[in-house]
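Shared between the two complexes below is subunit A, which has subunit B as its partner in the first and subunit C in the second.
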Partner chain A sequence: MDNLYIICVDDQQEVLNALEQDLSLFDEKMNVEVCDSAGEALELMDEIDQQGDFVALIISDQVMPEMTGTTFLAAVRKDSRFHDTRKMLLTGQATHQDTIQAINTGGIVQYVEKPWQKDILLANVKTLLSHFVMTKGLDYQEFIDLLDQEVIYQWLRNRT
Partner chain B sequence: MNFSRQSSRHEAIITKYFSDPEREIQLKAGEVLLEQYEINNKLFYVAEGKICGYLPDKHLQEPVFEALDSSFVGVYSFFSEDRKSYSKVVAEEDSVIRYFDDNPFDLPPADTEELLTFLFNVVVGELRSRQHFAGNMAYERQATLQKLIQTEKLATLGQMAAGLAHELNNAIGSLSGNLRQLEEDISKDLVEGEHQQLADLFTKGLQEGQQLSSLDVRKARSKWEKTYALDKATIKKLTKSGIDPDEIAGDTVKALKAASLWNLGYLLHDMKTAATHATHVIQSVKSMGIANQSWSKEVKVNNTIEDALAIIRSLTKQVTLQRQLENELPDITACSGELVQVWINLVKNAVESLINNKVSRPTVQISTTQTADQIVIAIEDNGPGVPGELREKIFQPSFTTKVDGLSFGLGLGLTIVKRIISEHEGDITLFSEPGKTRFTVYLPKNV
Partner chain C sequence: MKKVKIIICIAIPLLVLTLPLEAIPLDGITIIEQRVIAIFLLAALCWVLEPIPIYATSLVIIFLELLLLSNKGLIFLRSDDALFGTTIPYKDIMHTFASPIIILFLGGFFLAMAATKYRLDQNLARVLLSPFGTTPRYVLLGIMLITAVFSMFMSNTATTAMMLSILTPVLALFKGDEKGKIAFVMAIPVAANIGGIGTPIGTPPNAVAFKYLTGTDAISFGEWMMFAVPYVCVLLLIGWIVLLFIFPIKADRIKLDIKGSFLRNTKAYIVYGTFVLTIVLWLTDFLHGMNSYIVAMLPVAIFSLTGIINKNDLRNISWDVLWLVSGGIALGLALDNSGLASRIITSIPFESFSPVLIAFAASFIAALMANFMSHTATANLLLPLIAVVGSTVPSLKEIGGTQMVVLVTTFACSMGMALPISTPPNALAFGTGFFGTGDMAKPGVLIAVIGLLLSYLLVFILNVTGFFA
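Our next item is the complex of A and B:
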């Protein structure tokens, strides 16, 4: 079975714990990891890649010391190993400029505002994971209850 | 119109046409020379004193023109067709006026020409000086208006802040009240009667929260994974609690219970921390709002700095913030809400300059010290500095105009900073070189 990772990055522990709790259903068949800095996340991603596993999704905060979410995501985007990794910016405070930059240089595809609503967050995560699984050509059946059926269906239809 | 360098020709004309003792008026300060719209056939020369023109019909307090000695008054009405004075002309000081009321064309032709040439210069000069006067007035009015707009903006913000603070305090009050109740109930119903070790775990979570970093947790996790065949979520909770796997002695049921009890305590701890933080932020915002625009003799400068830092915590997270606040500062007479604004503005400027210029190891240092009669607050950053040519301009109203999506109007720029500090009879100086920019604020101690 393919090993998929969801990595959450935020400098506030309480946010990480809340995220981890909300995303715990993904932990059954995938791995949800939390990091309190972008640097830690980059190291962890190295390890995951060396094990031959996949970083499917990154959920990052914007306002963090040392490295902002946008800078972090831009660094990930330049890394060919994580070319297909889906990125989500989760933040309570981003300026218009930050958002533009995150889309243009960080390649984020989803922007979620804090405080988030669990069901909306889960739906977004499922959608992004589905795109990742299908792009990579992984066996979607393994994860089917953690994916967005609609997205899978669209992919299969376009394939034929 | 004031001829500072009077030509001999000018003097000759004044002597010739404006020195008839029969045509001299002595005015005491406040006496009226001409009422508004009065018909005037005279051209007045102010020999001594000061004359001003007003527009009573427009209810303007300010004069529309000023005529000092050696200038002319009544120029417009004397030369206009209807001969009506458009303003009320009043002596500002005790004045001596001489006038000319002949028809210039009744004079001998040579005199007519001489006088008209002279008067032409007078008219043009008068036009110029009145225009200049009007320009100055317009400028002053605009400056006043700007200050008024900013004050209004602040007042509105203050009212909004007070309103928000009230609503949020109610909400948070209810949350923390229920939280306390929940904590009691859980302690009593769930934890009491449990094995002491497990009860302690709940208390540990409640009191300390999570002590381990996300990296520590990931490293320590494998020991739990090896010892217990439990689901990932439980393993994570157990690891976060910081207890050693050996303490549970391989008892899976106990481990499950330990995980959930620690987590319960931890969740309550987090919620309490969040509630406290929210309360603190609200208090800080309120302290700069309308409720706190009053002056007090017992303002603690260090507290105003802490309040400011609490408000902009998310901004300062991006830099290293160093505080060196002297503990033994005496209270000063100040408006604490306004001081909070000063610190917010200065720190915000520093952080923004560091971030925008991508300075490596961005650091902002805030220090307070005292001299015999002043409290000295310095805010220093290691940014690229303010270029020499801008150092003079930096406090001028037009200088800071940047509007950022984030700064919702709390920071109204260095002009406000300067104004507030002046109101406190203090002073602000700027020292700047590449790698070191320091704003120093001096506030007077209570006498």
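Our next item is the complex of A and C:
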């Protein structure tokens, strides 16, 4: 089975704990990893890539001491190894400018506000993971209970 | 678990390969035939246990045949000894990639892809569904008919994905304990599986069957549809009744909202025209003399030259499905050309078996296997053997010979629909999360049993009316 990683980045341990808790259902077939800084996340991603595994999704906070979420996501976007990695900004404190930057240079397609509602977060995570799995051509049947059915239908319709 | 599977898949064929010839209970067996047994076992184990993707098994088969059986294989593995047997020309093995069957399927893929790209499928679904109104049980029938018709020309999986994407938003509005919801979701994989039987390109097992219906046993595209479409219609009606019976619908109204309108631009018209023309040519080979394989190149050529299918679309072609079939053809080729198939068949006293029993057993085994593994892989493994049984057992001739036994086995391959793992359409329906495995098994088994019985009736009628003669 292919090894997929979901990486959560936030400088607050409580937030990471809550995320780990809420995303625990993905832990069965994938790996949920938490990092308390963008730098640590980049190192971890490098390691995952070295092992030949996949970084499927990054959920990042915006306001962090060393590197902000948007800078981090922009760096990931430029890295060809993580071209298909899906990115989500999870924040309560992003300014209007941050949001613009996140979309224009970070290439995020999902923006979730803190405090988040668990079901909305899970639905968004499933959608992003589905796109990743289908883009990469991985075996969707293995993960089908963790994916968004609608997204799968759209992808499968266009195959012969 | 996966490691154990891999070890089993490698160890057993290796064991067979290293046995001395005398240890194999087949008189006069050659080394080439022994290798074919090992490759066949490897294929069977890999397709049943699935330690690797099923198309990968096909490619492994072709590679091993080139290496171990071909006239250009490893030089140390060849010999002129009488016990060695005769090698198979490497070109014949490689030809399986471009076998006419594969081209027929490719033509079907082009049609399906263009139809989806120009939204012909969705628009047809909208138009065809409107006469069924809003009464849930008739809407259910409409959905089943449309799914079946589409899956005759599109892959069962793509059809299921399209129909489920239309259906699930509506079903989400149903009340929580409404059993009727299950009827609707189950109707789609059931109808997609049944509908696939309708044409030679409806589902890969049919294509594999086409491969073994050659020479005097050949069946044309039109002839296939002539008996398969009525069969599909009857089985669909029965399936509809079974689903309504098991999952009564309480809601008194259902409204499917399919958006869109037919595209009106030059390319879209070319798609509509080519679609109709191809099907008409497929059905009228007796008038123009072009067989279905040649007609299949028509959509390929037209859609390519008009840019309707471009380079990017080519990447969406399911080469894995085509190569899965190629592997099956290569396996059949090896069994046949090495002489192993006839040696096995002659060493088992099939003559003493009742011909009816042979047909029953073949189709029952096919249906059983198809529930647990890929339909195509089932056909790949069973049909080459069944075809030889058909042609070597004289008593079968009276009840339809090779054609009869190949047809019931092929139809049975499409009867695997009792489990989420049986087919991709089943997995998709199960993925909606509206029901448990038991809800899938009940209608799945019942419809499959009825489908098998109905296929016996069909070949009986075909035999009585002299179709097989």
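The rule we apply is simple: the second predicted complex is superposed on the first by the 159 of 160 C-alpha atoms of A that agree within 3 Å, B and C clash if a C-alpha of one lies under 4 Å from a C-alpha of the other, contacts with A are read in each partner's own complex, and residues count from 1 in each chain.
Everything that follows uses one rule, which is that a residue touches a chain if its C-beta (ideal position, glycine included) is under 8 Å from a C-beta of that chain, and two chains touch if they have at least 3 such contacts.
Computed from a predicted model, the values in this text were never measured in an experiment.
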Fit-or-clash call for subunit B and subunit C when the two complexes are aligned on subunit A: fit
Touched partner set for A:103, first subunit B, second subunit C, both or neither: neither
Subunit B versus subunit C as contact partner of A:20, first or second or both or neither: first
Subunit B versus subunit C as contact partner of A:153, first or second or both or neither: second
Subunit B versus subunit C, judged by how many residues of subunit A each one touches: B
Touched partner set for A:112, first subunit B, second subunit C, both or neither: neither
A:44 touches, of subunit B and subunit C: first, second, both or neither? first
Touching partner for A:141 - first (subunit B), second (subunit C), both, neither: second
Least C-alpha distance (whole Å) that remains between subunit C and subunit B when both complexes are overlaid: 16
Partner subunit A, residues of subunit B touching it in the complex: 209-210, 213-215, 217-218, 231-233, 236, 240, 266, 270, 273-274, 314-315, 317-319, 404-406
Residues on subunit A engaged by subunit B in the complex (per definition of touch): 11, 13-14, 16-17, 20, 24, 27-28, 31, 33-36, 40, 44, 63-65, 68, 93, 95-97
List of subunit C residues in touch with subunit A within their complex: 53, 108-109, 112-113, 116-117, 154-155, 157-158, 160-162, 164-165, 168, 316-318, 321, 424, 427-428, 430-433
Subunit A residues within the subunit C interface of the complex: 139, 141, 144-145, 147, 149-150, 152-160
